[in-house]
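So, here's a batch of structures to check.
In what follows, chain A forms one complex with chain B and a second complex with chain C.
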Partner chain A sequence: MEAGSAKWQRNLFIASFIIPTFVFFCIFTIYPVAKGLYYSMFDWSGMAQTKDFIGLDNFKEMFKDPIVWRSIGNDYFLVVGKIVGIMVIATFFAVALTRFNFKMAGFFRSIFFIPNVISVVVIGVLWNFIYNPQIGFLNAFLSLFTDEKVTITWLGFTNHTIWMLLPPAIWAGIGFYMILLIAAIQNIPASYYEAADLEGATQWRQFWSITVPLIWEQMKVSILNIMMTTLNGSFVIVWIMTEGGPDNSTQVMGSYLYQMAFRQYHFGFGAAIGVLILVLSLITTVVLQRLLRHETVELS
Partner chain B sequence: MINGIRNPIVKFVFYAILILWGLSVLYPLLWTLLDALKNNDQFFRHLPWALPEMPLLWSNFSYVWDKYNFDTYFLNSIVITVGSTLLGLLLAATTAYVLARYKFRGSGALYLLYIASMMVPFILALIPLFFLMNSMHLINTKIGLILVYTSSVLAFGIFVLVGFFKSLPKELEEASIMDGASYFGTFFRVMLPLSQPGLITVAIVNVLNIWNEYIVGTILINDPKQYTLPVEIGVMQAEMQYRTEWGPLFAALFFTIVPVLLVYIIFQRKIASGITAGAVK
Partner chain C sequence: MMNKKKYAAMGAAVLLASVSLAGCGSKDNNSNNTASTNNASTNNASTNNGGSTNATNDGSTNGGTNATTPDTPKLTGDFEVQYFVGGYGDKWWTKVIADFQAANPDLHVKALGGPKINEQNKPRWIGGNPPDFVYIDGPELNDRQMVEDGQLEDLTDWIKDAKNVDGDKILDMLAQQPQQFDGKIYNIPLVLNSWGIFWNKALFKEKGWQEPQDFQQFLDVSDKIKAAGTTPFIHTGKYPYYINGAFLYPAIVSANNGDYTVLQDMAANKVEAFESDAVKTALGKIVTLRDKGFIDKASIQINHTDSQMLFLQNKDAFIPNGLWLPNEMSKDIPQGFDFGFIPSITQDAGQKIVANTSTATVAIAKNAKNKDAAHAFLQFVFSKAQASQWAELSGAPSNIKGDISASNAPSFVKDAAKYLTDPNTIVIPTITFNADVDKAMQDATDALTIGKIDPAGWVKRVTDVVKKVAK
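After this line comes the complex of A and B, so read on.
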C-alpha cells in the first residue's frame, strides 16, 4: 500500500508538470500547424460557409502562378545572398575579435550584436530612410560626388529591388552568427595555434588548417539556421520595405501567403503556400546537410 | 596568446573595418535620436546627416506619446511581453524538469516533439491561428497574444532548461526528498532557485523576441487600442505615404528601441549564452 501510494504521488507529480504545457502546446502550435496542412486542400474564402474540398488543386494552381515561382526565386536569392554575406563577414569578425589580439575586442563584439536585439520592423523603417529617394542617406551621399542631385528610387526597380533587401538582411544578421562562431573559436585549445606559430604557419594558413576545420560544425549549424530563418521569416522585412512590390518583384513566399490570405481572402491558397514553405525548407535542409558533410574534426 | 597581427598596415586595415562596421551600427541609433528632434522642413532642406536645428523639437516625443497613443502601445507591449515570458517560463521549466529527471513512457518522444517543432515554419500556423483565435473570441485581446507568444517560446525554453536541469547535481534533490519534502516542494524550493541562471537566460531571449514580434501581432490585432509597438510602427510607416511626419516616426522608433537596448546592455552575457545554447539544436 505504502509503495503504491508513493508511485501514485510520483505519477501525479509528473502528470501535473507535463500535461498543462503539452495541452497548451497542442492547442496553440500543433493544432494550427496540422490545420494549415488541412486547409491547403480547400477552396476557401475564410468568410463564408463555402469551403470546398479540392484536394491538390491549390497546389496545381500554385505551380501555374508565375508570382509563386518568382517568390521561390526571391526566397532562394535571399538564402544564397545571406549565407554568403553573413558567413564571410561573421567569420571574419569572429576570427578578428578572438585571434588577432585587438584592443577593445569585447567592445566591438557587444556593439556588433545590437541589430539583433532590434525589431525587424524598426530595421525595415531605418533602411527605408536610407533608401528614400528625396531625403535618404544613400542618394545624399552619392550626390556628394555628382554635379546634379541624385534621386534614384532604390526600391522602385522591378528587376533589381530584391538586391536592395540584401544589405539590411545581412547587416541585421551578423551579430548572432558572430557570437556563435566566437564561442566555437574560444573552445579551440590555444596550444594548437602556439604549435602552428612555432612552425611558422601564417595567420591565413592557421585559419584554414586549424580554425575552419574545428568550427565547421558551428558553421554548418549557422548556414542551416540562416536558410531556415530566411525561408520562414523574410516576410517581415519584405512587407515593411516593399510590400512585395513593385509589381510583385520582391514577393517572397511568406509575403505572398500573407497577401493571398489576409488581403485577398484566398485562405486555402495561402495555406498551400505555407505547406510549400514547409516542404522546401525540409528539402533544403537535407540537401544542405549533404553538401556540407565534411570529415568532422573532434577535439581530443 | 602569441597570435596577433604584426604587419602594421594589415592591422590598420582590420581596425578600419571593425570601426566602420561599429559605426554602421551605432550611427543609426544616434540618428534615430537626432532625427526625432527635427521637423519636416529640416528633413527636406538639409542633408540627412545634418544636426537638428535649435530649438530641438523635444515635443515630437510627447506628440507621439499623446497623439499617437504611444502610452497605450507601450503599456500593451509591456503587459504582453511580461505575461507571456512568465507563463512561458513556468510551463517550460516544469516540463523541462520532469523531462530532465524522470523517465516515463513517451518521455523521449515528447522531448523530440518539442525540439522538432522548432524546425516547422511558424507561418504555416498563421492562417489557422487567426481562425482559432477568432472562434475563441481572442482576436484583439492581450490574452490572445499572450497565449500565442507563450506557446511560441515553449520549445526553446524546454530545450535550454532540460540541459540546465541535467547539469545540476542529483544529490540535492535526494537530500531534499530525504528531509521529507514533496516532489513539488523539492522543485519549487530547491531546483527552481538553483536554476535561476538558466531561467534568466531563457527569459531575456524570450523578452527580446516577444517585444519585437510583428507578424502574429499584426494578424491577431486590428483594434488600434490593442496594438503593440512594432504593429504601430508598421502602421505609422504605411501612413507616411499620405501624411509625412518624419520627426514623430523617429521618436516612435526611439521608444521601441530603448527598452530592448537597456535589456541588452544589462544582460549581455546572458543573451550570448542563450544564443550559443539555442543554436546548437
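After this line comes the complex of A and C, so read on.
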C-alpha cells in the first residue's frame, strides 16, 4: 500500500512537470505549426474574411518561383558561411583566451562577447553605415590607400551582395559560441596538456588530439544551432540591411515569406514558404547530425 | 522651428486651394477616374465662407450643430476609428475625434490609433469585427487589396450627393477625386501630396545652373553639374517606388501625350498598356540618365533617409521625392538650403508638366457596426474647418479645397502651387497598382538603373507578372 502510494506520488510529481510543459508546447509550437500547414493550403490575402481552399497549389507555385530557389540558395550560403566563419573564429578566440594565459584575457572575452548583447537590428543598422558608399567606414578606410576616394556600393551588386551579409552575421554570432567553447575547454583537465607537453606534442597536435575531440559535443551543438538559427532567423539581418534587394538578390526564405505574406498579400503562399523552412530545417538537422556523428570522448 | 512648421502648414493649405484648379488641367484627359472637376464648385469653395468661418472659430460647436440637425437621427452607441500614426502625426486625429465626440455626446467614440495599429487590428478585420472607420495609410493596409478582400463599404451611391457638415457637396470639396475600382468608390482621399523632383535653389544660383523645365534642360544642366564634380541625380534604390512615382510614371504620361489613362490601364492589369511605346520611351529616359552617369551609384543600396541626407549635403543635385520631404527632414536642413520643386522633368520642351499625386484615404468598413456614425464622421472630416485643422496640425496638404491662404509658405510649396495651378499641368489622380505588379515594377526599375536589364527586359519582367495576376 505504501509502495503504491509512493509510486503514485512519484508519478504525480513527474506529471506536474511534464503536463504543463506539454500543454505549453502544444499551444506555442504544435498549434502554430499545424495552423501554418493549414493556411498553406489556402489562397488567402491575410486580411480577407474568406479563404479559398486550393490544396497544394501554393507549393506547386512556390517551386516554380525562381525567387524561392534563390532564397533557398542564399539561406544555405549563409548557413555554410556562418558555420565556417563563426566556428573558426570562435574556436580560435576560445583557444587563445584559455590555453594561452595572458593578463588581458578577461577583457578580450568581454569585448568579443559584446555583439551578442546588441540587438541584431542595431547590428544591421551599424553595418549599413559601415557599408555606406558615401559616408561609410569601409570606403573611408580603403580610401586611405588609394589616390581617389573609394565609392564601392557594397550592398548594390546583385551578384554578390549576399556575401556582404556574412560579416555582420558572423560578427554577431561569434561571442556566444566563443563562450560556449571556452566553458568546454576549461573543463578539460590540465593534466592532459601537461602529459602531452612531456611527450613533446606541439600546440597544433594538442589542439587536434586533445582540445577538438574533448569539445566536439559543444562544437556539434554550436554547428546545429548556427544552422537552425540561420535558416529560421536570417530574416532580421536581411530585412534590416537590404529588404531582400537589390532586385531580390539577397532574399532568404524568411524575408521572402514576409514579403509575400505582408507586402504582397499572399498569406497562404507565405505560409507555404514557412512550411518549406520547417521541412528544410528538419532535413538539414538530420543530415548534419549524421555528418557530425563522432565517437564521444569521455573525460575521466 | 515652430514658425517654420506653421508656415509649411499654411503653405500646404495654399497648395490645396490651388490644386482645385489643377484638377482642371487633368480634366481634358477623358478619364473615368477623373481628377476633377468643376469650376463652379471651385469658385464656391474659395468664396463661400459661410459655414467654414464659424467652423474655424469653433469647429466643435459648428460640427455639432450640423452633425445633429433636427432631420438627422441622433448618433448613439459605440463608434470606432482606426488611424495609422506616421509622418503626419496624430494631433489632427486626436482633435477631430474630440470635436466629433463633443458634437455627438450620446455617441461613444473610440480612437484606435498608433504606428502599429494596422497590424494590431488585423485579427479584427479577418474576424469580421473591424472598426467602423479606417484611415488607410502606413504598412499592411492597401486600398486595392481591401477592396478585393471585400472589407470596405461601397460608397458609390452615398458619395454622389453626400454633403459635409457645412452643407457643401463633398465631391465638390475634393481637390483629388476618389479612385474607382471597377467603377465603384470605396475610399475617399483625405491627404493630398505630389511626387516630383527637388533641388537646392541656393546651390543652383551659386553655381549658375539653370533650373530645368523639361527633360532636355534637365540633361543639359546635369552635364554641367557632373562636370562640376557633383552627381546630378540620386534616388532611393531600397524603395524604388520613389523613382517610379516621381520620374517614371510622369515620364510615361508625357510620352503618352499627356494622357494618364495609360497608367490607369496599367493599374487595371492590361498587358498592352505595359507594352506601349509610352512605357518604352519613359524607360529610355531612365536609361539615358544611367548611361550618362547621372545616377549616383550609391542609390541602389540606400533608403530614403540616406538619399535625402546626401541630397541635403549637396552631394547630389536632384532627388525624386514627395512634398513631405522638407517636413520629414526639417531637423537636418542646412542653413541656406532652399528647396526647388517641379512635379516632373521628363516632358519634352513645350509639353505640359505632369504631377503624379499621392493620397492617403479614409473608408468605412463593410462590416461596420455603426455605419450611421461612420457616414456622419465622413461628413464631419470633409469640412473646410477640418481641412484647415489638418494643414495646421499635420503639416501636410489636405484633399479639401478651401482658401486658407496667408501666404508665408515655403518657396517649394509656392513652386508646387505655381505648377499645380497652372493649366498646363496634368494632374494624375492617385493610382494603386496590384501589389505584385508594383513590386515587379520596382525591382525592374532598380535593375534598369544599374544596367542589369534593358527596357525590353523591364517590360518582359513586368508583363510576366501582370499576365499571372490577371488570370
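Basically, the second predicted complex is superposed on the first by the 268 of 300 C-alpha atoms of A that agree within 3 Å, B and C clash if a C-alpha of one lies under 4 Å from a C-alpha of the other, contacts with A are read in each partner's own complex, and residues count from 1 in each chain.
Assume a contact is a pair of C-beta atoms (placed from the backbone, for glycine too) under 8 Å apart; a residue touches a chain by one contact, two chains touch by 3 or more.
Worth saying up front: this structure is predicted, and the values here are computed from it rather than measured.
Student: Please tell me, clash or fit, for chain B and chain C sharing chain A in the overlay.
Tutor: Taken together on chain A, chain C would clash with chain B, as the superposition shows.
Student: After superposition on the shared chain, which partner residues are touched by A:271: those of chain B (first), chain C (second), both, or neither?
Tutor: First partner only, chain B.
Student: Which partner, chain B or chain C, touches the larger number of chain A residues?
Tutor: Partner with more touched residues of chain A: B.
Student: Return first, second, both or neither, reflecting whether A:291 touches chain B, chain C, both chains, or no partner chain.
Tutor: After superposing on A, A:291 lies clear of both chain B and chain C.
Student: Once the shared chain is lined up, is A:153 touching chain B (first), chain C (second), both, or neither of them?
Tutor: A:153 contacts chain C only, not chain B.
Student: In the overlay, answer first, second, both or neither for which of chain B and chain C A:262 touches.
Tutor: both
Student: When the two structures are overlaid on chain A, which partner does A:88 contact: first (chain B), second (chain C), both, or neither?
Tutor: After superposing on A, A:88 lies clear of both chain B and chain C.
Student: May I ask you to decide whether A:134 touches chain B, chain C, both, or neither, giving the answer as first, second, both or neither?
Tutor: A:134: touches chain B and chain C.
Student: Which chain A residues come up in both lists, the one for chain B and the one for chain C?
Tutor: 46, 134, 262.
Student: Which of the residues in chain C come into contact with chain A in the complex?
Tutor: It is residues 122, 125-128, 139-140, 142, 145-146, 148-151, 237-238, 297-298, 300-302, 306, 310, 315, 435-436, 439, 443, 446-447, 450, 452 of chain C that touch chain A.
Student: List the residues on chain A that touch chain C in their complex, please.
Tutor: So the residues of chain A touching chain C come out as 45-50, 131-134, 151, 153-156, 158, 161, 242-243, 245-248, 259, 262-266.
Student: Residues of chain A touching chain B in their complex?
Tutor: Contact set of chain A toward chain B: 9-11, 13-14, 16-18, 20-22, 24-25, 27-33, 35-37, 39, 46, 89, 92-93, 96-97, 99-102, 108, 110-115, 117-122, 124-126, 128-129, 134-137, 140, 171, 174, 176, 179-180, 183, 190, 193-194, 197, 203, 206, 218, 221-222, 225, 228, 231-233, 235-236, 239-240, 254, 257-258, 261-262, 267, 270-271, 274-275, 277-278, 281-282, 285.
Student: Give every residue of chain B touching chain A within the complex, in rising order.
Tutor: Chain B residues touching chain A: 1-5, 11, 14-15, 17-18, 21-22, 24-26, 28-29, 32, 35, 43-44, 47-49, 91-92, 94-95, 97-99, 102, 104, 110, 114, 117, 119-132, 147-148, 150-152, 154, 158, 182-184, 187, 208, 211-215, 219, 229-230, 233-234, 237, 246, 249, 253, 256-257, 260-261, 263-264, 268, 271-272, 275-276, 279-281.
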